[in-house]
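Two complexes follow with subunit A in common, the first pairing it with subunit B and the second with subunit C.
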Partner chain A sequence: MSFLARHRIILPVVSLAVLLAATFYMQPRAMSYFGLNLLFNLAVPIALATIAQMLIIMVNDIDLSLGAFVSLAACVTATSLNDAPLLGALILLGLILSYALLGAVIHMLELPAIVVTLGMSFVWGGIALFILPAPGGVSPDWLRTLMTVKPPIAPMAVVAAVIIAAVTHLLIMRSGIGTVLRGVGGNARSVARAGWSLVRLKALAYGLAGLFGVLAGMALVGLTTSADANIALRYTLLSIAGVILGGGEFIGGRVSPTGAVIGALTLTLAASFLSFMRLSPDWQIGAQGAILILVLTARLIFSRKGAEE
Partner chain B sequence: MSDHENAPIVTLTDAAKHFGPVRALDGVSLSVSLGDCIGLVGHNGAGKSTLVNLINGGLAPSSGKIAFAQGQTAFGAGVRSVFQELSLCANLTVAENLRIAHSALNGFGWRRRARAEIRASLDAVFPGHGIDPDAEVGTLSIAERQMVEIAIGFASRGSEARLVILDEPTSALDAAIARQLLAHVKQFCANGGAVVFISHMLGEVFEVASRIVVLKDGKVVAERPTPEFTRAGLVDAMGHVAAESGGVATARRDFGPEVVRTDQGLSARRGEIVGLSGLAGHGQAAALARLFLSRSSAWHAGKTPDVVFVAGDRPRDGVLPLWSILRNISISILRNDATRGMVNRQAEAAVAKDWKTRIGIRTDDVTNPVLSLSGGNQQKVLFARALASPAPVVIMDDPMRGVDVGTKQDVYAMIRAEAARGRTFLWYSTETEEICQCDRVFVFRNHAISAELNGTDITEEKILEASFEMREAS
Partner chain C sequence: MTISKMLLGAASLAMVAGLAQAESHMADTSGKRIALSNNYAGNSWRQAMLQTFEEIGAQAVADGKVAAADAYTTSENQATEQAAQIQNMILQGYDAIVLNAASPTALNGAVKEACDAGLVVVSFDGIVTEPCAWRIAVDFAAMGKEEVDYLATRLPDGGNLLEIRGLAGVFVDDEISKGIHEGVAEHDQFEIVGSVHGDWAQDVAQKAVAGILPSLPDIVGVVTQGGDGYGAAQAFNAAGRDTPLIVLGNRQDELTWWAEQRDANGYETLSLSIAPGVASLAFWVSQQILAGAEVPKDLTVPFLKITQDTLDDALATTPEGSVANVTYTLEDAQKVIADAG
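Here is the complex of A and B:
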């Protein structure tokens, strides 16, 4: 067992460090409190969405509706939560519960999550358009304040990323129930044999994913101050890429919350890095894909070497 | 022992279980009391796994009654099971796997307690095991995983384990570790626990069991204290002809030219059955995998493959679980009968039907899903898949794990017939009986060949001698 294969977190950390060094080299002014905040500001909602995706991937499913769901949560936050906080909070709670219900239904009817969530993405998108037909809405003041707070030493984005990573690490990697949830991804049958209810566990995983999806939507509105029904559609693929970049695997319950947050930061940084390179926006998405392939290739090579030893 | 202690832990009264039209278990009455060690034998598909699942509460009976002592649930009565197929979560550590099985392990500091508990249990069953409770299960060898699984079965887990069901516990273990387990089972029963011990290795059953229950076609056909059985009588009761004991003297044949030679020194001639032996996990499987990969191309399969592989780890690299029996057999020969890249359905069906009868796959219809078969019959499908292809070299990675005596005899005969027709077999096995079927045996120790045995030299003593280092390592 090689060192790298044992410590999956190293490769994501190195990827982020290399990209960060390259960015600082090209744009030294980014190496400041303000610069870092600008670079990583939008990483906070992406990190939350990546955690949500990770919770689904953890139980061997995949969520193609996450972008639409985060958009919907953002629309609710920018409208109901601002106008009638109690009603807004209830709607958001309902969204989380519906996610839990979705997980239970997917498990009970043995439906493929990829199909169900693809279908649900149109449902979420439709409701979002219904709530907010045109871009608009206003962020609640407290949320705006929270997202623009200026903590000492490190900027908000960095502090938030650390907090998200720490909380989810405790929840998923250290706690007993988190261990059982990862067990569902590793070998659902043995978990069921030990007397656990798989329906409840899946509902819990999806419910937690819904919670983090809602948090992502709220954080996004706090940053952008308004919402739009399509505001976060690209989060679906970004979040999947973030989980994989962070050392997670599609099957087998092998996930890393810290890695997922780092993956989200890396993806956000990659976009800024390409802008600094003065790459035409037309090429940026392709270049982002190239970075992704590069990192995944590196991981594959290391894991192969680890297996040979 | 007082009467109270002698009360049965579980009592089955005329319990039956039907899966659709299949009568997996057809009215079984059995009671297990403290201090019992019951050997449960029967060939594959006799209903052993179903019976186990009834006893541990995994399945509810279609008719009949199951009563547990102390509370209604199997777990509450202290019933634990260790399953035949490895059922740990590979992505979790050893201690975390205990957490899955032991839901009361909760609150702050549960990891420390889980580590202590699993270490204590491993130490008790397998002294000197060398397994780290913090190791991820995916990094352990199959034998080590099996040891962990057994240790979890015997771990205290809140309430004392009173009845532990061991389903083929030694199938992946080498002889020395299997001995440790048997010693622990005897100790456990002497201390007032109960064990249901399922094994195809009759020697082990005779050694540990106080009572032997023989299942056949979903019914108990014999239940007597162990001393009243003889080996031949037991095999007869299971419904198969007694296996020839000891090495089958294979007639000395003339082999063709050498067709396999590796850097490690492994070699085989045309028409030869070459065995790979030694303690489990000493590099035999890796040697075979390397040989297979070096002789097959990842880019172009070709119409006549050079080597075929019979997997021992069925779920991992054997069966295609979503496919029918027919598809599982024909996958290796699709190209041979294909016309312009299209599958020839008739030829495919004919081959599957032919092999179903030749190797005796127990099914009404080869279009049934492959998972509808019992483990031993799934393995027959894998043999059929390999032997249906025209490849001259067949590599077998411990293919008989958990296969019943009758099936084994069928397969031995088939292998000998195929070898006589000029095929070469490389056969890794953990069972000495199988190794004695071979013409030549390479014994592995620490990932290298430590001995090459020929003809009459192939005996259990010689193999053991070559498997263990006689002197302390200097």
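Here is the complex of A and C:
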């Protein structure tokens, strides 16, 4: 195997570095503590959502309800968690448990996750509109403080990205349970033969995804100061793109938490870069897609080369 | 020349300079750069708004009033993208942001960042609640109420109304609907027997109205939010029912249809909506703030009303597929500011 195929993380890192260099060249003002924070602070909730999506993709499923779920978590954070912290925390806990339950149901009834989550996206969206029929709510003060903290040396956005990547790397790549979870995606039958309960493992993977989805919603409210039932709908597609951009694959439990975080940062940066280029908005979505295809093509070429050698 | 004379000369010079300053009583804004942050471009109203901003901006740059007036639109109506867009504008070094917001609250974090970085933020149409920003608002609730008030003058006996709403979860939709319901509470001869979401688009409205019509009793009037009146008329026509009194929303297709009906059978109605040219008002207000004018944080802009008498004029000046418009000048902006102060 070639060096690149063995170290899948290299391509996402290089993509991010190239894009970052181009952005600094176009907009030197971005090359500062303040500038980096402005460029990346909205990538923090996307990174958390991408990790949530990665956990689902890790067990060979896909989650089309994530954007609606993050919006719902944001609405709960901006209302209940602020007005009655205990009740709010209980609701958020309930949301995480319902995600775990969803995972168990999908496995036990052998339902296709893509259909179930698509259906659930309307349920989450409906509850979010019920909680917050018109945009509003207030971010809890501690959350606002946390998301606008100014740590020494590196800005909050960078520190948060490093922490998210490190924690999930330890959880998924290093810990015993993380390895078993990846095994569910790789070869579910052998994991089951080894004596593990697949229902519990799937519930755990979904529950963890729910946890990161809730964290994404909370981080988002901390940044925006209030919520809106449609606030994070784009996160569904962004998170899937982030996982793939970061070197993950749809099947086989081959995922990379560090890559996923880098993928989320790259996607956020791509949008800013295109806006700095003064590209007409009509072309921006297309150009964002083009960047995605470019990176995936590069990956395909390298992995083919790796296979030939 | 004695020292006292010199001092006197200097003092009078300073006075003259002070007078000149008072005359223009404004700082120079020729080096300032203004950006438009817009959240959505997918209908005739937004297209007209963008066009107005670009025209007025280009003219202001040519006249040396400002150094740049650039328009940015996010591809989809998403608050998270617009927040990123605003943060990018801070990095690009703009002095002021004119903002039509995807959400009145979800952009507050980004708007605060902009204010803290010393930018002037003027929101209009879709306003933001962050206290550091200026707001140019339309009293949408009053607009909804005015529709019912008008119906009450035309249909004193009252009857059943159909309400066509806008995009669910958007604050403008809530406000207009609130006004309509207030109006109905006041004129209790009316009853709203059905309500559908037309998303401010003729095709969506037509489908929605066609779907609910078979279940409805006789309808005497349709209260709308703009961009949905023509679709409603088509749905009534297709169902073979009499055309009720439909309040329109200044779109060119609606006005054309109204003129046709008027010529054919003397159809009479009222059309009202916010003029997309409010973007030009917001532009001049931001220029005035940059120039150092004292501007109250909350300004109101009147909505544009078209009646039977002004229909032909409005139709003549509205391009095909667009919406009736007014472009505001610097003097208009100064007047709005003076009225609010």
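Quick note on the criterion: the second predicted complex is superposed on the first by the 309 of 309 C-alpha atoms of A that agree within 3 Å, B and C clash if a C-alpha of one lies under 4 Å from a C-alpha of the other, contacts with A are read in each partner's own complex, and residues count from 1 in each chain.
To be clear about the criterion, a residue touches a chain if its C-beta (ideal position, glycine included) is under 8 Å from a C-beta of that chain, and two chains touch if they have at least 3 such contacts.
All values reported here derive from a predicted model rather than from experimental measurement.
J.: Check the residue A:276 against both partner chains and state whether it touches subunit B (first), subunit C (second), both, or neither.
T.: second
J.: After superposition on the shared chain, which partner residues are touched by A:190: those of subunit B (first), subunit C (second), both, or neither?
T.: first
J.: Is A:180 contacted by the first partner subunit B, the second partner subunit C, both or neither?
T.: first
J.: For A:220, decide between first (touching subunit B), second (touching subunit C), both and neither.
T.: second
J.: Determine, under the contact definition given at the top, whether A:258 touches first (subunit B), second (subunit C), both, or neither.
T.: The answer is neither, since A:258 touches no partner chain.
J.: If you stack the two complexes on chain A, which partner ends up touching A:80: first (subunit B), second (subunit C), both, or neither?
T.: After superposition on chain A, A:80 lies in contact with neither partner.
J.: Applying the document's definition of touch, where does A:229 land relative to subunit B and subunit C: first, second, both, or neither?
T.: Second partner only.
J.: Please name the chain, subunit B or subunit C, that touches the greater number of residues in subunit A.
T.: When the residues of subunit A touched by each partner are counted, C comes out ahead.
J.: Could you tell me if A:121 is touching subunit B, subunit C, both of them or neither one (first, second, both, neither)?
T.: neither
J.: Give the list of subunit A residues in touch with subunit C in this complex.
T.: Interface residues on the subunit A side: 27, 29-30, 34-35, 38-39, 41-42, 45, 129, 133-137, 220, 223-235, 268, 271-272, 275-276, 278, 281-282, 284-285.
J.: Tell me, which parts of subunit C touch subunit A in their complex?
T.: Interface residues on the subunit C side: 41, 70, 72-76, 78-81, 83-85, 87-88, 90-93, 103-110, 112-113, 117, 129-130, 168-169, 171, 174.
J.: For subunit B, which residues are in contact with subunit A within the complex?
T.: 58, 75, 81, 83, 87-92, 96-97, 99-101, 103, 105-107, 110-111, 139
J.: Along subunit A, where are the residues that touch subunit B in the complex?
T.: Going through subunit A, the ones touching subunit B are 1, 174, 176, 179-180, 182-183, 185-187, 189-191, 193-196, 252-254.
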